[in-house]
């Protein structure tokens, strides 16, 4: 009888479907969580950070967080402050609510702890590392830096990829005036120390060994190089555009 | 046995069902319905069965559901996670609603294509249009009762659209809201509509519909070349019924099989896919909402989004009214003549065009490419393959691209907003001057960024955009025709 | 209505005429007696409740040049509203004295606009309406700029007048 067949077919399809897809009973774990109550590091990192810092904390346009050397030189407070308040004047936004962001103080702390936990250095480095920040007043130590020393170090090491006077080579130019305004001194210093392992830029040890000194850069030498790079980026060269220059 | 007979007789003596119901059950229907074509006549019964399922599950849900803004969401969660079979009843109610709307459309299509709305059954069709309208309003009010973020902001959208009605707008807004803002009185209103007023109206219309079905008789399957003539149809139909078969048991059993299948499918879907929502908490301070209606209203949703601003109010408010009037007009425009779809190419074309339009609009509504991806700037990474090729300045440009939320509207390698053009290969379409102009001045549905970016940011951004092109292809030298259309296109198809 | 002709004097017919009229007149009165309160009740929401002043916060909690989303209690909120009795507004402090209070509802179809601080834009998630930081229309379908609420500064407090859901014909 055709109707019996129809029943059998429908029943079989339903049975197969329910076995393959599983039961539709809602799972309490999938309840909606208010944005302020999200405490999972991976969710917070995915929602707020990967746009610029890359899906796995590296290979994003902004400096990588998945960098053990960076994790070794930066302190919890410095990390927390950067996330909470952003880097005023640069593209790193403030994320804490008090500063106009969308995260609670607790969530910022979760991000700090998560970043530390996920990408901590495998072993405590034996050498004395150059400090992330030279001083609060002069974070990258540019005031006392010697541009001429920096020039010499740059030409013997950095210029191999960035070209003489930073006009660019395999690794692109550094003498762009726009860079002077977009990249803070401390980020410049950090990139000289850590390099960009995800983009094949070596760290201060390798860079230093390539230079005429043949040794890892010291904290002062890093400041000197940063000062020289800054001198290449004369901001006065920026073409005037119909834009608000002071934003 | 004797007692049963006595009891039966006692009731029969008072009810006289043998005189009232039995003739209706045994009323003759065209003999052709016993053939396979009879399967075309089951859709109405299937819709009715799902309606009954809706009523029963709805009554059950109302025992737990709290129609106040403060508790509705919690009561939905209670139904989902705590109440025995609560989740399944919610699921059946949702899938049965879906099934009811689907079967209603199938039923209407069948009636339309088989010309069953023609003389003398025009009123049956018109009442049917009333049933369709009531069912859709029930669907919308039901969606509001699933009180979550979609519901809250869905009401906000509905009210904003209603608020555009000339003169009466503000009054309509107040009547829908039951006050000045979306609150508990709003939800109570939708509850009352969904649970008392609309079901009452629906059942009233249904009684008239079924009365007409019995009074005017079930239409015979159409034969090409046998047009309906108002002068002779009645007589011919009488003759046809003389050779007819009784409705019970033949047609009714067929209906029974189809209805059982409908219920089994609905319950099966409910078991497999479960209930819909509730989604995010309906809190006006949670502003990351992206309300999307249930599938029934996706075409309307898409229509509102795709219409040019000048026609928007008309399309949102006028088109549904025109659609219903058009359906009502059908039996007056084509009340007689050929019934067979084989001789009615225009009717077939109308059905095809309608369904293709609804499907396309529904697909657009479901994907809603006009909606920006609000989280893309911070949660959609720049593709690593692009990042690896960038110089320091271009890296900064990529950060500008994310930070200024360009990504919310512009995708890279398909990821990101779809509102503006995908910029993965913009470097071969636009030259730097054109890019600067577009970024600074905006235009073509893009805001002007002159006040939002400084010159360094624009420089870096343009350096990044120029780099966005396949390896080995030089950057655009002049703004090409493609670049112009890139600027103009979004204005036409937002 | 056909009145019994005056020539007829049959008491039976007179009584029937009286009954007919009584049914009609009394029926009308009864319908009105029950109907007026019912219709009046149903039309109740048409009676407008004016917006009320409420404190949005201390003036100094709003940094100059920034826009903040603040959550308030809707002064009109009533029984059983729960979360729906809240209302969120954007407060922009342009300078020392100048404030702008924006409704979160997009002027296009009432979706909640998001403030993108880094881009300096309000963006609507529904149909991509965009507004500049001063609330003016930047791009997309909205027919006008963001709705703004009346406000004043008093003893170091920012006071805002709000309550109703703003729509095109009833802006802030």
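Letters A, B and C mark the chains in the order given here, with residues in each chain numbered from 1 onward.
By our rule, a contact is a pair of C-beta atoms (placed from the backbone, for glycine too) under 8 Å apart; a residue touches a chain by one contact, two chains touch by 3 or more.
Remember, it's a predicted structure, so these values are computed and weren't measured experimentally.
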For this session: Name, by label, each chain that touches both members of the pair chain A and chain B.
Result: C
Exercise. Between A-C and B-C, which chain pair is linked by more C-beta pairs in contact?
Worked result: B-C
Exercise. Between chain A and chain B, what is the separation of their C-alpha centroids in Å?
Worked result: 44
Exercise. From the C-alpha centre of chain A to that of chain C, how far is it in Å?
Worked result: 46
For this session: Indicate the whole-number Å distance between the mean C-alpha point of chain B and the mean C-alpha point of chain C.
Result: 27
Problem set entry | Touching two or more other chains - residue numbers and ranges from chain A | 91, 93
Problem set entry | Where chain B touches two or more other chains at once, by residue number | 281, 283, 288, 377, 403, 451-452
For this session: Give the residues of chain C that touch two or more other chains, as numbers and ranges in rising order.
Result: 118
Exercise. For chain A, which residues are in contact with chain B within the complex?
Worked result: 3, 6-7, 10-11, 13-14, 17-18, 21-26, 28, 31-32, 34-35, 46-52, 54-55, 59-62, 91, 93, 168, 171-174, 176-183, 199, 238-247
Exercise. Which positions of chain A touch chain C when the two form their complex?
Worked result: 91, 93, 100-101
Exercise. For the complex, which residues does chain C have touching chain A?
Worked result: 63, 66-68, 117-118
For this session: Sort out for me which residues of chain C touch chain B in the complex.
Result: 43, 45-46, 48-49, 51, 69, 71, 74, 76-88, 104-106, 108-114, 116, 118-121, 123-128, 130, 132-133, 138-141, 143, 163-165, 167-170
Exercise. So in the complex, which bits of chain B are touching chain C?
Worked result: 68-71, 152-153, 156-157, 159-161, 163-164, 169-171, 173-175, 177-187, 281-285, 287-291, 304-305, 309, 312, 370-372, 374, 377, 403-405, 408-409, 417, 419, 442, 445-449, 451-452, 494
